[in-house]
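Following are the structures in question.
The two complexes that follow have chain A in common; it is paired with chain B in the first and with chain C in the second.
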Partner chain A sequence: MDALQLLTWARGPGLDLALGIFVLGVVWRLIEVYSLGRKRDLAPARQHPGASGLRTVLRRSLPPPGMLKASPVSYVGGFVFHIGLALVVFLFAPHILLIKSLTGLSWPGLPSQFIDMVAVLTMMAMLVILADRINKPVKRFLSTFGDWFAWVVTFLPVLTGWMAVQHLLLPYTLMLALHILSAELLLAVLPFTKLFHAITLFGSRWYSGRINAHKGVPV
Partner chain B sequence: MSATLEKGLHALREVIDAPIASYFSSCVHCGLCADACLFHTETGDPRYTPIYKLEPLRRVYEQEYTLLGRVKKLVGLAKPVDDAMLDAWQDLVYDSCTLCGRCSLVCPVGNDIVYMVRKLREGMAASGHTPDGIRSATRRTVEIGGPMGLKWPAVANVLRKAEEATGLKIPVDQPGADYLVLLSSMEIVNYPEYIEALAKIFHKAGLTFTVSSDAFEATNAGIQIGASDLARTIVTRIVEAAERLQVKHVLSPECGHAYMAIRWEGPNLIGRPFRFEVVHVLELLDELRRKGVLKMKDTFKDPLILHDPCQIVRRGGVLEAPEQLIRQVADNYIPVVDQQKWNWCCGGGGGASAIHTEEAEALRAKAFQVKKRQIESAGVDTMVTFCANCRIVIEEAFDHYQMDTKLLGLTELLAEHLEN
Partner chain C sequence: MQGPMIDTLVRQGVSRRTFLKYCATLASMMALPPTAGRAMAEALAAARRPSVIWLPFQECTGCTESMTRSHSPTLEGMIFDMVSLDYHETLMAAAGHQAEDALHAAMKDNAGKYLLIVDGSVPLGIDGAYSCIAGRTNVDLLKEAAAGAAAIVAMGSCAAFGGIPKAKPNPTGAVAISDIVKDRPIVNVPGCPPIPVVMTGVLAHYLTFGRLPDLDDKMRPVAFYGETIHDRCYRRPFYDQGKFAKSFDDEGARRGWCLFELGCKGPVTHNACATTKWNGGTSWPVESGHGCLGCSEPDFWDAGGFYKALSMPADPLKMGAAAAAVGAVAGVAVSFANRAKKHRAQSSHETTTLADLEK
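For the complex of A and B:
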């Protein structure tokens, strides 16, 4: 199989397979998690302004008082890498074309030089938080295979995508094929790794907000 | 009932619900919860990272409720939860967690970590991996009536003394009263002034109250140890007394975990809403303040800070009343940086203060350093709080560090300065 055949497979059957696993996986995991339900709270609720599930969904996107100082790398690195990733994935023109071909939806993208810079920043932030995971006793202590694996499968598509655009190291066709394959790996493992937080964090924040709002505490 | 691993695992399977499944699915091991936990900040030991304390529960969740985990278990790749593991986790689930819930406030993915620790304790209790101190407190509460083994005649004696000191009647088992007053053994034994304060305030407000001879104890060791069946037995006593005496309100004492037990867990334990309203004593006092009943004859002059007990404020939702009340009586109240729902625990809540091993006591003293820093940076000689358990823990810590900071109870402070 040469580079072109690999690219053709990645764009055709490979993409279908990855999307299939991703969609079914997400649906399965959502059912697995949320069908467990929860008991109704029989204690009479207390009202308090600002205490609700939705407010917690929004509030937890920002560092709580004192936390930025306690763990600046987690917050700054985390912000840069999450926002960077979102910009690169959803606002790079070729990605929008792919999404349009799959869903029919389309929106304007950002200039490719800008995306380029964002990709570099994203990778830098990811390297910093990796170093933090290795250096910080708590993070190192908590880390399992899943944490290193999730980092690698998130980093690879950014790296290969950037290298493909920059025509670095490997011929464009092969690098593009590797980029698409790595993105497909990311899609396929997302529902079954900690990357699934991208979806469940909304549910988690909402439950937390709701459970505590019942007691009148905005959390 | 004998505790076995089988029962423990069953209990863990039972407590796992959608929030817990969602929480475990969302954790990215960022470790930020460690920065919110006084047992970690004061020791630097990564074992005390809150989410790590939940590992047995997470493992059961993964192996029982996820496809991948079940496959791993099937092919022998999953490490089962066994007695050795639960034993190794006992100090993480009890000694170094006071259920203070500060970790739940910082998790970026929104995990309510303390919600899960409370549930994990069900499995620890059912499998018999609980500290002796909490186990005996629970046994005394179920068999005798309170965690300290206090019997009614002794309580009646304290009430009689309070009557003599105040010249006011403290009615016992009187039907139709506005309030059924609950107490915690620690108040009865260590801070009987609280009872005198209440008698004065009720008299001043023109409200009627009563104490029940068979349901005076408000604390619930069943909840702290994590045995819902025992917790139900304990809370049922109060429910039966309140309904028999046909009171409109049940007044929770200052004690934080007692408030959690009766106000928030109570109806869920017995499986139905109460036919009376549960009110924390500070909620009542704040209502009286708003009505203008709580007038002061003079004020407390020394500079002071407030220690907000976790289960009343952060976990209980009595957020604003404490500060309003302290401002009513104190001229020089100094708000601390981490106040109200952000306050740091005394280090001995959630049953931890009942654990008297050398390690647990040393850990408690260490964890108190955060409170010590709060007091020192405010530069005050007085701290006011409103939880008998916090008071005992803090007084022990003051002794340990040879601090001569004064510690006062808020209700008593108010009663002392109440207009005659």
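For the complex of A and C:
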């Protein structure tokens, strides 16, 4: 199999397979998570101004008082690479073309040079966070295989995509094939790893916010 | 006409020089060493006309048209005359019972020695009744003829891979020859239609060396199907430079830029069009301004649209509904399992330990 055949496979059957596993996994995990739900709280609700699901969704996106100073790498690095990932994935013109060809939906993209810079910043932030995770004894102790694995499958598509665009190391065809394959790997494992937070993030925040609001506790 | 082939060629006014040139060209096209050209000439000159039975099944006769018309005055055509074509419905003068008699006589007289050429796919739906000749189904005829054949050549994409009859939803249950015949050497010569010189090349190889040429994993002669259209395309430099025609009448199309974005399947299609060309070397699809359809590859008809660039995903959401359904079933099943586990734990008053939390 040469590079072009690999690319053709990645664009055809490979993508079919990855998207199939992704959809299957997301539906499965959502149903499973939903069915784990707690019993209904029959106590009368307490009122506290500002305690609501929405508040928790918003508030947990920001660092609690003092935490930014205590753990700057986690917060700054985390923000940079999450926002960077979102920009690169959803506002890079070729990605928008792909989504358009799949769904018909389209929106304006950002200039490629800007996306290029964002990709580099994203990778730098991810590397710093990884170094932090390795260096801090507590973080290292808490890390399981799933954490390292999630980092790798998230990092690979950014790296290969950036290298393909920059024509680095390998011929473009092969690099593009590797990029698509790495993105397919990410899609396939997303529902079954901690990366599933991409789907459940706001739902779970809303859920805990609601439970605590019922008890009159703003969190 | 049973004498050596060279006598017939001489009668038709073919000079020694022309014949040797032809053999050398054929040998080089098949990537054989230079000495093979002479061996081929000697073998071909001395060869007795092998009996060839040509069975047409579910097909459009395009393969026969390609063989007989496109290059009639050339040597390939003459060589083709040199075989003893004992049965070919389209070309033979006989019809009805006479034709059937010729078929059976050829099969009987040359049992185990004749070359069987098949074009068209074989329908298996409703017991093969979709295509019958002289009241017998194609599958029945094929099995009978294959039993006595020295080798089988599946001519055209229909015989080689099922072709257009097998295109979704395949109403007749069409299959390829190799799906039915398992115990005879088979050469696939796909293409819609295949290139005439490929046919004569395979035949010459068979006559010269007494065996079929080297085949790839899809049972196609490597000599002709070893490289892709893209690898040999004269527009390849434009692909490498990133110069693409965006429509069939834009500036890029007029300048002869690469047709990749207009759906050319050259990069994934193995065939010899780019080197041998068509109609006596006049032109070929990409030279005439249209992308390759990929006709020598299996299921080219269903490969995601002729005008859709290869870079576009074929139809990745087609499995979406099925995947969602399977996911839903799995989710519900796991949910019930989880609940049962919870109830069991509750009823047996299990306590949560530190080890549980570390899971």
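Just so it is clear, the second predicted complex is superposed on the first by the 219 of 219 C-alpha atoms of A that agree within 3 Å, B and C clash if a C-alpha of one lies under 4 Å from a C-alpha of the other, contacts with A are read in each partner's own complex, and residues count from 1 in each chain.
Methods note: a contact is a pair of C-beta atoms (placed from the backbone, for glycine too) under 8 Å apart; a residue touches a chain by one contact, two chains touch by 3 or more.
Computed from a predicted model, the values in this text were never measured in an experiment.
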Check your understanding: If chain A is used to align the two complexes, do chain B and chain C fit next to each other or clash?
Key -> clash
Check your understanding: Is A:Arg46 contacted by the first partner chain B, the second partner chain C, both or neither?
Key -> first
Review point. After lining up the shared chain so the two structures overlap, which partner does A:Pro72 touch, if you call chain B first and chain C second: first, second, both or neither?
Key: neither
Check your understanding: Taking the superposition as given, does A:Pro171 touch the first partner, chain B, the second, chain C, both, or neither?
Key -> neither
Review point. So, A:Thr8: does it touch chain B (first), chain C (second), both, or neither?
Key: second
Practice item. Check the residue A:Leu24 against both partner chains and state whether it touches chain B (first), chain C (second), both, or neither. Key: second
Exercise for review: Determine, under the contact definition given at the top, whether A:Glu32 touches first (chain B), second (chain C), both, or neither.
Suggested key: both
Exercise for review: Scan A:Pro111 for contacts with chain B and chain C and give back first, second, both or neither.
Suggested key: neither
Check your understanding: Touching A:Asp16 in the superposition: chain B (first), chain C (second), both, neither?
Key -> second
Study note, to complete from the structure: Residue overlap on chain A between the chain B interface and the chain C interface 28-29, 32, 35-36
Study note, to complete from the structure: Seen from chain C, its contact residues with chain A in the complex are 228, 230, 267-268, 304, 310-320, 322-324, 326-328, 330-332, 334-335, 338-339
**Study point:** In the complex with chain A, residue positions of chain B that touch it
**Key:** 16-23, 25-32, 34-36, 40, 44, 46-47, 49, 51-52, 65-68, 104-112, 115, 263-268, 271-273, 277, 314-317, 319, 337-338, 341-342
Revision key, fill the gap. Listed in rising order, the residues of chain A that touch chain B in the complex are 28-29, 32-39, 41-44, 46, 48, 56-57, 60-61, 64-67, 70-71, 74, 78, 136-144, 147, 150, 192, 194, 196-197, 200-201, 203-209, 211-212, 215-219
Review point. What residues of chain A sit close enough to touch chain C in their complex?
Key: 4-5, 8, 11-12, 15-17, 19-32, 35-36, 98, 101-102
